Each structure stands twice: as structure tokens, then as C-alpha cells.
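Shared chain: subunit A. Partners: subunit B in the first complex, subunit C in the second.
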Partner chain A sequence: MQKSLHLDPNKCTGCLQCEMACAWEKYETFTIAKSRIKVFTFHHEGRFVPYTCTQCDEAWCLIACPVDAIKLDPVTGAKIVLEPTCVGCKVCTIACPFGTINYVAQTGKVQKCDLCDGDPACAKACPTGAITYVDADWTGLGKMRAWAGKTDTTAATA
Partner chain B sequence: MAWTRNVLRVNLSAGTCTPEPLNMTWAQDYLGQRGLATKYFVSEVDPKVDPFAPENELIFVTGPLTGTMASTGGRYSVVTKGPLTGAIACSNSGGYFGAELKFAGWDMLIFEGASPKPVYLLLIDGKAELVDAGSLWGKTVWETEEEIKKVHQDPQIRVAAIGRAGEIGVLYAGIVNDLHRAAGRSGVGAVMGSKNLKAVAVRGTRTDSYPLANPKAFLAATEAAKKVLAANGVTGQGLPTYGTQVLMNVINELGALPTRNHRDIQFEGAGDISGEAMHRKRPTDGKANLVTNGACFGCTIACGRISRMDPGHFTVKDKPQYQGASGGVEYEAAWALGAANGVNDLEALTYANFLCNEHGFDPISFGATVGAAMELYDLGILTKDEVGFELPFGSTEAMVKLAELTARGEGFGKEIGMGSRRLCAKYGRPDLSMTVKGQEFPAYDGRGLQGMGLAYATSNRGACHLRGYMVSPEVLGIPVKMDPQATEGKAAMLKAFQDLTAVVDSAGICLFTTFAWGLADIQPQIQAACEGDWSPERLLLVGERIWNMEREFNLAAGLTKKDDCLPPRLMKEEAKTGPQKGAVSKLDVMLPEYYEVRGWTAEGVPTAGTRARLGV
Partner chain C sequence: MRHVIIGSGPAGVIAAETLRKADPAAEITVLCGEGEPPYARMAIPYLLKGDIDEAGTFIRKDQDHYGRMRIGLVEGRALAVDTAARVVDLGDGPGLPWDRLLVATGSRPSREKIPGIDLPGVRTCWTLEDARALLAGIRPGTRVVQMGAGFVGCIIMEGLLARGADLTILVRSGYMVRRMMNPTASGLIRRWCESKGVKILTRTQPLALSANGGALKVDLGEGRSLDADLYLSVVGVDPNLEFLAGSGVEIGQGVVVDANLQSSVPGVYAAGDVAESPDVVTGKRQLNAIQPNAAEQGRTAALNMAGHPTRFKGSFVFNVLTTLGLAASSFGEWQGVPGGESTEVLDESRFRYLNLQFDGDRLVGANCVGFGDHVGAFRGLIEGRRRLGAWKRRLMDDPARVMQAYVETAVPACGAG
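The block that comes next holds the complex of A and B.
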């Protein structure tokens, strides 16, 4: 079964544990500038929104790459940057409509979420369940359940 | 090693920024943040210095756990000599700013001198630069942050700034970072203003500046400690749901909620301004005051309140800048802006709180000073002519008007900006000032909670709830339940709290973790992060050393045993209602015992033996 990162902004408090976990996983630093997941604060709306790559099936970044440096991991479904192949041309950063693949000046390559080989550090670090790693086919299950709970069935059973 | 080992010394008079290595011997003796910066401060500054003189220093400092995955590991402190108190001032803040300082590679920023013109410090990793702030002077905290991000085209810059209140020297002006988190107390923002320093802006991308001593053990220790926070009723449920406002009804029912300048000890309007009220839908627009809870950097508790006001409320009608969500009232602010002056309008408190964040001043000292002014007015000592409007207890209009005037330093706001001690002295009634060492009380009455009274009287930065939170044993039963009216054992318990608090404040984490964490939870995190042996015993010794160092500074600054006191009202006027009815403070009984437990003379001076033991 393939899994998918599931982001629920309603549960996010903006603590940035996910960003630290990501930076630590990939660079062994807590400096969140290195994180591939970002939490955005919409202060005047009182909203915190985590955001990262959704691993498109037809991935713009992968298609745009002129040197085939982005590959599909058939197990996790992640689109993975092959660092030795990447030439840092940044075409993928232009092609991605979501801004979730970015250049890293330190390495001269691009980076994006690779789902940590199927065990994403951000989801493990999230204290509120705003980031979970769930059955890719059922990311809507929680919402369905919430709506199901609102169904009035008491009259029928009375 | 958890420290970056880099200190930036900024001489504002000369306009220079000079890096220097951190004194690692001091880091081993004082850990970080509060302790370490205070060690630098007392070593470099004359205790008799005028807080507004260029010779006073202003130090921004992080702890070894700041900018790490330790829960709440994002704190920084500001250390200086406080203009409100004339004592050591140390104000602690959360938000994201502190962690960013570490990411940029700095443990500490020491500001010396005073700039001839307004400037802000821009830190991009190791690059430090003083930038002209002429166009920012006079701007609000909120405008300043927006402007700096715009000018440098970097929305990821974090900003700590003063507002108008700090510029004009409101004696309890704070430093506000990330729009609504503040190093709020004792007037650290006024010292910043006196140095013509408008803001510190920082962006950090370094990845190698503070390697941990034992990363694997650190991640295991922080993960275990997070589970303790999640499983605890206060940190796992109470604080995220109600914030510190979870206390409003509790403290009121216990009969320890100072009301109308401490004339009363219970507030009939407490329910209207409580954490529960923030969840309730308003009849006017059908929405609740509280939008959501929010966390500071790395915090898995998330007690922060994010509020949105009723756009139809008289205070914000036609003022769209206050109609979006922003930092809502926490317990101390709700008490000071509300109960302390008898106001029960939650929306008005939220508006005044927004103003405190926007213009950078402490809602506790402000609200309490308004309470004192209202009592002076009630007694006929202050008149409508002098104030410019009616000032009776319970007047929502007067409270918000004074918040606006204080922020701008206009009219009677100038008097309110001096704080309650100077206000009451000016009008010939110093006894009506509800302060210790010139700093206003927070939201617990020293008659209702005897241990809190002792904590206030002995706090090194003036009346404060964050220097020894005796509410924990006296109300919440943490670590053991103590009778609020008992005096026995309070001195020893307070000493333990004060020393542990000094450790927490020096580590880079939030004091609120201690609702759930004991030293046994904190120690493994420090041990894994920092090189050396950090046994629990050593940490408590560090805490005690810090406490005594602060005390020695205050004594050298001219404070004496006489300043370890409570206002006559708390010593003589009995609590009128509730479970603590008839109580007065028994400070006289507890204070000598406290000095003894501390290893101080009967005059409150550390003995030679104590000094030698602590190496102060």
C-alpha cells in the first residue's frame, strides 16, 4: 500500500517541530532554513499551514529536468532528486507550480521532499497530528468520518 | 556543545560590531541565557549605573537548548538594569526570534553605549551591520517588522523591536518579537529606546554552529520529555485549550484574585474575562474571541492565544488594523487590564492587549497602574481636570483611553507610563502602589497565597510570578499540595522553585514546561546537549549561584532588606471575601526563615560561607 503525507492546517500550531525534524534528517542541523517542509503563518487569519511537495503523479519537476536527475521511487511514490546527476540548472524550480522544489546554494543542487524512504521525519515529530502519513488512497477518510458523524440517525433507531 | 561560542559586542556609541568568543568557563558555571548574560552584565556594569545612561548594557541572550528540538526550545532573554526597579532586569520571550539568533550563529548580543541616531542591528548569519532607522523611529512594532522585511526583501527575517513606548521611555516598555511575543517586564524596551536602538533583525541559515554533545541521546531525551508534556493534564490539555487563562476562574474562586488595586480579592466579573469566556460565541457577531491556539518555536504545549475582536466593538470600529486576528489576552494581561481596575469587557481587554503588543509596553504594569490611578480618583486625590476624563473603577472607556495615551506618551498617559510607584508617590499616597521594588504585582494576591507573597517580596526583579511560582504547590499541588495560608515550609519550597526556575530560564526552554517536567525530565536534555557533567545537583547549584549573583547586584545597586517587602495593604488590610477571608500576609514570619534557608544574614546578605560555597 502506498502512503501519502496528509496535512491538516486546522491542527497546526506553528511550532515548527516538523521543520527541525526535516532539517535534522537531511542535514543534521536544527536550522529550519534547510527544511523541505514549511509552515506558513497567516497571522491576521489566525492560521498556520504546513506545506510541502505532494508527489504529483505526472511530476512537472521530473518532466522538466534536462538531465533526468529526478526519479520515481516505485515503493513510496516519492519523486527523488539524484544529487550526483543534478546540475543545479533550476529548471525544475520553474516548472513546479507549487514552489516545493528549491535550489540549495550550499550544495549547488536542488532539494525536495523525498518522504524519507517511507518514514517521514516531519510526521513523526508533529505533536498535534497536523502532519500524518496515511494510506494514499484514503487521505479523505478523516473528513468523511467527520461528516458521517453529523448524519442524524437517531430518528431511525428510536 | 549547544553553545555557538560566539558573542557579538555592539558598541552603539562608536557604531561598531565586534565578534568575540564566549567565555566557556562562565558557560560551565552559569549554563546560558539568564545566568550567563547576568554574569557578563554584573562583571561589566557598575551596579549604581543610571539605567538610561550609555554605560548601562543591554544583552540579548539564548540558551543551550534554544534552537533545538527540545520542546519549547526557542526562548531568549534580555538582561539589563531596569529603569522601573533600579534592580537587575531579565525578561524572557518566546516566538521565533531566539531560535533564529542561534541559527545565525550567536549565543549573545551585548549592546554598549548609545547610538547618536536611531539604528537597528541587522544580522544575516555572521554578518552584522547597524542600519539607519531614521524612517522607522516613531513607527509601531508591527510596522517596523513589516518594513524591515520589505526593505531587505526577505520575509523570513525575524524581528524584535520597540514601539513608541520604548522610544519615549515608558518605564515598563517591552521588546516585542514576532508581532506578539514579548520580553515584557521591567522596562527592558525603555533601555533599548534610550540607546536609540529600534530593532534587532536576524536571519540564520548556518548549519554547523552548535553541534550537540550527544545527538542520539538528545533526540531520545527530548522525545521522552515531549511525551510527559502531552500526557500531563495542564500542559497536555488545560494550556492548549484555555491558555494561562485556565487560571482566571480558579484563582478567583480560591479568593486570590487581586481586584480594584487589591481592595478586593475576588472579582465579580472574572467569568466574563476568563479562558472559558474566550471560547464563548459573542451575541453581537456569533463568533468567539478566540480563533485558535498558537505555539512558540518548538513548543509542543501551544498555550498562545490568537484572538479576533468583534469588529463592531466601540474600540475598533472603523479601525481595520485591529479587526484581524492577533495575540489575545493571557491570564496576567487579562487580570491586569480587567480585574485590577474592575473592567469586565473582554473585547476591550483584547484591544488594550493589541495596543501593548503594537506599541511595546507591559500590560501587567500598565493595567495595575491604571488600577492605582482609579483608586486615587476614587479617593478624590486625582480629579477629572487632571486626568482629562472621568476615571472611576470599572470604566472600560477610561482604561482603553489610557492605553492609547500611554502608548503615545500624551496627556495623562505620561503619568501612567511612569508606573504605579511614581504615580502614587507623586500624589502623596505611596502606600497605594501595589508594587515590590517598583514593579507591579501580577495576578495573585499575596494574602490569598502566602508563598506567592514571599515570592514577590524576594524576587530579584521586583514583583513577579515567574521567579518562583508558588501557585504550583499552593493551588495546583505541584510537586506537593500546600495549604495557601500555611507559612511552614514555604521558604524552603520557594528557594527550590527559585533555583530551579533560574536553571530553566538559563537553558533556553519555557518555564511552563515545569507544570509537567521536574528536574529529572530537564536534566537529561541538558546533559545530552552540553559537554561536561550536568548532574541534577550541579544544575541546582547553578540555579542557586544565579539567584545569589542577582541578589549581590541588587545589594550593590543600593537595595536592602527594606526592599524585600509588600505594600501595607497586604500586610494590614484583611481579605474581604471568599475562602481566604480575613487573611493578611504573614511575610514577617516567612522572611527571616527564607534568609536562613538561603544562607543569608538577618539583613538579607549572603554570608561568606554561602559566597564561598557558590563561588559568587
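The block that comes next holds the complex of A and C.
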């Protein structure tokens, strides 16, 4: 059974341990701007929402890449950016309708969550269980994917 | 089942791969019209910059890939299609028979109709062959006069400057990239280019080109002219359709297709730059000459060809462009819709700009300059026709919070959505 990240906003306290863990795992820095997981803050209601790539089945980023720089990891199901191949054209960043693949000016390449080879640093760092790495069926991810597929185009075609 | 795909760009390659997965027994042939391995045009700017070599532009890096997938690559150009006998005419030989045909011939640069356009020293930037010529022809100090500042014109500037070109850009209208950016965004991009030493002449169109010693004279009228070592003509694109004349396939601006990407002739499909398909936001049929569209249409057309009816979600017009390092993107109805509302933030000194267009409480379009993070969410919001509810007001006040709006309306456990 493939696992995936389960993100639970109700448990998130906004401590940003996940962002630090991600930045450290990938770049050995605690500069959270480099994190591939982001916690969004909603001041008007005091809520925190951790958010990153769902490794969606459509893999918009992967299919849009003109030079084959995004690969599917058959074991984890992650869509992984091959940095040496990426030309930094940013097409994937507009193709992903979730906004979860981003350009990094310093490297001239894009980055996204790669599930850390099946041992995600963010999940390990989260002190409240808001981020867990669990069997895919258990996650809110299924719901989120369903959301992504559900589009309301009636007005457009009417 | 014999599938023939005309064209080995991204639409053709992705269609072939999708067909193989969907129909393991099928015979799949891809016609390559340029004598090159399948490559992605949009990697050419990075070849010019020297970031990659030619192999870096290949759509699949492992050239055994096609053999392993039993995808036959055949060199040659389609000259005509006989839809009654179901063969593609290649000029010599018996032609390629097909049961299902995909037209994925892409587009080519439009030709300027001015005297001298055939002179040596005049080039465009569309194929690997063009890129080789530019790499060979541009040295430090080479005077390049580029006609056109559409999105290809903007993307290639960095490569030209990296080669040391002395670059002058002529723009027929008042605005660069006017098909994807509004005047404010376009003005920022112009100022950015000028700050990097590029000369830009708007409302300027050459009347003629003439040989002048080893160089070219570009006649701008009213006694004005420019000297150029190289004249680079990048004034838009036209779909490659000529070989379909007399085939019975309905042609509008491109190959007219239905929601399954099938043309007016059953069994004949089209995908990519060459296909005229309905836009998801406006419902209007249009060409959509961008890479992600080619990829998604290639996949959808192939599923239909393999007998799995699949509707194309519809073209959505969006694009991202980097001009000398300045990122800009446009989405959907960035020009706004009748009765709609808009909001924007501009920081001229930092070259940052964001303009949002709404229809009721839905986002329908956007222009961004200098904003790179989470831009995909614009696609999610616009194409998904998400209702923003209370977020509409918040975004009117602070457009930069678009990702927050997206997350809160998107993540199911997160409230508003």
C-alpha cells in the first residue's frame, strides 16, 4: 500500500517545525522560505493550514515538463524533480493547479515535495500529529484529489 | 489497430506513449518532420543561453525509449492525407496507412511580408536548426535587430545577450507581449529590458531589408534605418495545416476538433498548437499554442484514439515567461470580462505587479510580474471556477493573498470550501 502525507489543519498550531525540517533536509538551512511544505496562516480565524504537493494522479507538472525533468518514483508514488535536467522554464509551476511546485531563483530550478524517499522529514518533525505519513486511503488526500477533479464548468459551456 | 501520428513535438510524443499504455497491441508510428530526434522547442532558449546542449532539449533523454515502447519513429514530411484510402502521402514510396490518425504538426513562425525577408542574415528562432544558426552567428558585439516581442521574442532575449549580442527590439504595437500582458505589466517588462541594455523601439515596423556589404540595412521609413548583422524575425506563429488541403478535414484557424479532439473526419484527431478547441472559461474555440496544452491534448487525443472516450477539459489560456530573469505569467481572461471587477498592486521599483480579474465571486483572469510562488493556484482557481465567497473582498483589498484564498477554498478540512 502506497503511503501519503496526511495534513490535518485542525491539529496544526503553526509552530513551523515542518518548514524548518524540510529546509534542513533539502538545503541544510533553517531558512523556512526554502521549505517545500508551507503553513498558511489565517489571522481572521486563527487557523493554520499545512500544505504541500498531494502527488496527484494527474501529475500535471510531470506531463507538462518539456524535457522529462520530473519522474515518478514507482515505490513512493512521488513526482520528483531531476535538478540536472530541469531547465527552469517554469511551465510546471503554472500547470500544477495546486500551486505546489515552485521556482527557486538561487538554483534556477523548480522544487516540490518528493516525500524524502518515503521518510518525510516534516512528518517526523511535527509535534502535534498534524502531518502524518500514512496509508493513502486514510488521508484527506483522497478528498482533496476529488476536489481537484471536481470543476464547475456549467457556466462556461452554457 | 494502426495509429499514425504526424509530428514529433510534445503533443505527438505524449500521444504515442499514452497510446502504447492504453493499447499494448497497437502499431504506433510517429512521423518526424525535421530529421531530429523528438525535441521540445521551448528548451531552445536554454540552449542559446548555454545552460544545456542539444540533448538537453530532447523530450525523452534515453533514445532507446521509443524502441522499448515499440513506437516507430519515421523520418519524413506529410505532404497530403487521403482520408478515404486512409494513407498519409510522404511524397516517395507507398505512404503510411492508418486506422487512426493524429495531426500534431504544431505551428511555425509567421513570415513577415517585407522585401528582403529572404536575404541571408535573416533568421527566426523556432527549430533546433535555427538555434544552431544563431549559436554560430552571434558573437560578442553582433548587432541583432529582432522584430517582435511576443512571448517567444521575450524568452530568447536572455540567450541572445548571453552570447554578447547588441540587441535592438522592434515592436509593431506600443506594447511588448501584448497578447498575454496588460499595458502596466508590459510597461514593467519593457523598463526591465531597457535597464539590462536592450534598445526597444515601439510602434516600429520595418518596411524593407537590404544587403549592405556583409550586413543588413533595416529600413524603418521616414529616412530612419538600422544596421544589423542579423535580423531575427519572431512575429507570431501559424499552424502547420497545408498538407490537409483537400482531405475533407474541417479547418478554421486550426484543425477544428470536438471535445474528444476528433476532427470533422471520424478517426482523424488533432492535438497541440495545430488544434482549434473550445476554451474552458469562455467556451470559444481557439488555438492555444503552449506546451502544457500540447501535452494535455496529446494525452487526451490518444485515449480517444485507443477507444477510451475522454473529454478534453478544454483549453485554458495561461502562460509563463521569463524575460532576462524577470518572471511574468498570465491566466485566463486577464483582460477582464464585461461587468467584472478587478484589483491590482504595483511596486514599480521592485518590478512586481499583480492584477486580478473577477466575474462575481470567481477569479477569471490574472497577470503577474515578479510573483513566482504558488502561481499554479491561479490555474486551480480560474479553471476550477472556484467560488471565492468572502475571499473575493479580501482579495480585492489585498490581491497578494491569492494563495491563502486558494488554500482555504480548496482544502476540504479547511472551512470555507
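Everything that follows uses one rule, which is that the second predicted complex is superposed on the first by the 139 of 158 C-alpha atoms of A that agree within 3 Å, B and C clash if a C-alpha of one lies under 4 Å from a C-alpha of the other, contacts with A are read in each partner's own complex, and residues count from 1 in each chain.
In the analysis below, a contact is a pair of C-beta atoms (placed from the backbone, for glycine too) under 8 Å apart; a residue touches a chain by one contact, two chains touch by 3 or more.
Computed from a prediction, not measured in an experiment: that's the story for all the values here.
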Self-check item: First, second, both or neither for A:F30, with subunit B first and subunit C second
Solution: first
Exercise. Could you tell me if A:N102 is touching subunit B, subunit C, both of them or neither one (first, second, both, neither)?
Key: second
Practice problem: Could you tell me if A:I94 is touching subunit B, subunit C, both of them or neither one (first, second, both, neither)? | Solution: second
Quiz item: Is A:A121 touching the first partner subunit B, the second partner subunit C, both, or neither of them?
Solution: neither
Exercise. Go through the superposed model and pick first if A:T85 touches only subunit B, second if only subunit C, both, or neither.
Key: second
Practice problem: Based on the superposed arrangement, let me know which partner A:F48 touches: subunit B (first), subunit C (second), both, or neither? | Solution: first
Practice problem: Look at the residues of subunit A and decide whether subunit B or subunit C touches more of them. | Solution: C
Quiz item: Should A:C22 be classified as contacting the first partner (subunit B), the second (subunit C), both, or neither?
Solution: neither
Practice problem: Check whether A:P9 is in contact with subunit B, with subunit C, with both or with neither, and answer first, second, both or neither. | Solution: second
Quiz item: After lining up the shared chain so the two structures overlap, which partner does A:I63 touch, if you call subunit B first and subunit C second: first, second, both or neither?
Solution: second
Practice problem: Show which residues of subunit A both subunit B and subunit C reach, each in its own complex. | Solution: 45, 47
Quiz item: For subunit A, which residues are in contact with subunit B within the complex?
Solution: 13-17, 20-21, 23-24, 27-34, 43-48, 106, 125, 127-128
Practice problem: Would you tell me which residues of subunit A are touching subunit C in their complex? | Solution: 7-10, 40-42, 45, 47, 49, 51, 60, 63-64, 66-68, 85, 87-91, 93-103, 105, 108, 140, 143-144, 147-148, 150-153, 155-157
Quiz item: Okay, in this complex, where on subunit B does subunit A touch?
Solution: 67-69, 71, 96, 99, 103, 156, 179, 204-208, 215, 219, 226, 230, 240, 291-300, 302, 304, 306-308, 324-326
Self-check item: Touch list for subunit C against partner subunit A, complex
Solution: 10, 14, 40, 42-43, 45-46, 51-52, 56-61, 278-283, 291-292, 295-296, 299, 313-314, 318-320, 322, 327, 329, 331, 372-380, 383-385, 403-404, 406-408, 410-415, 417
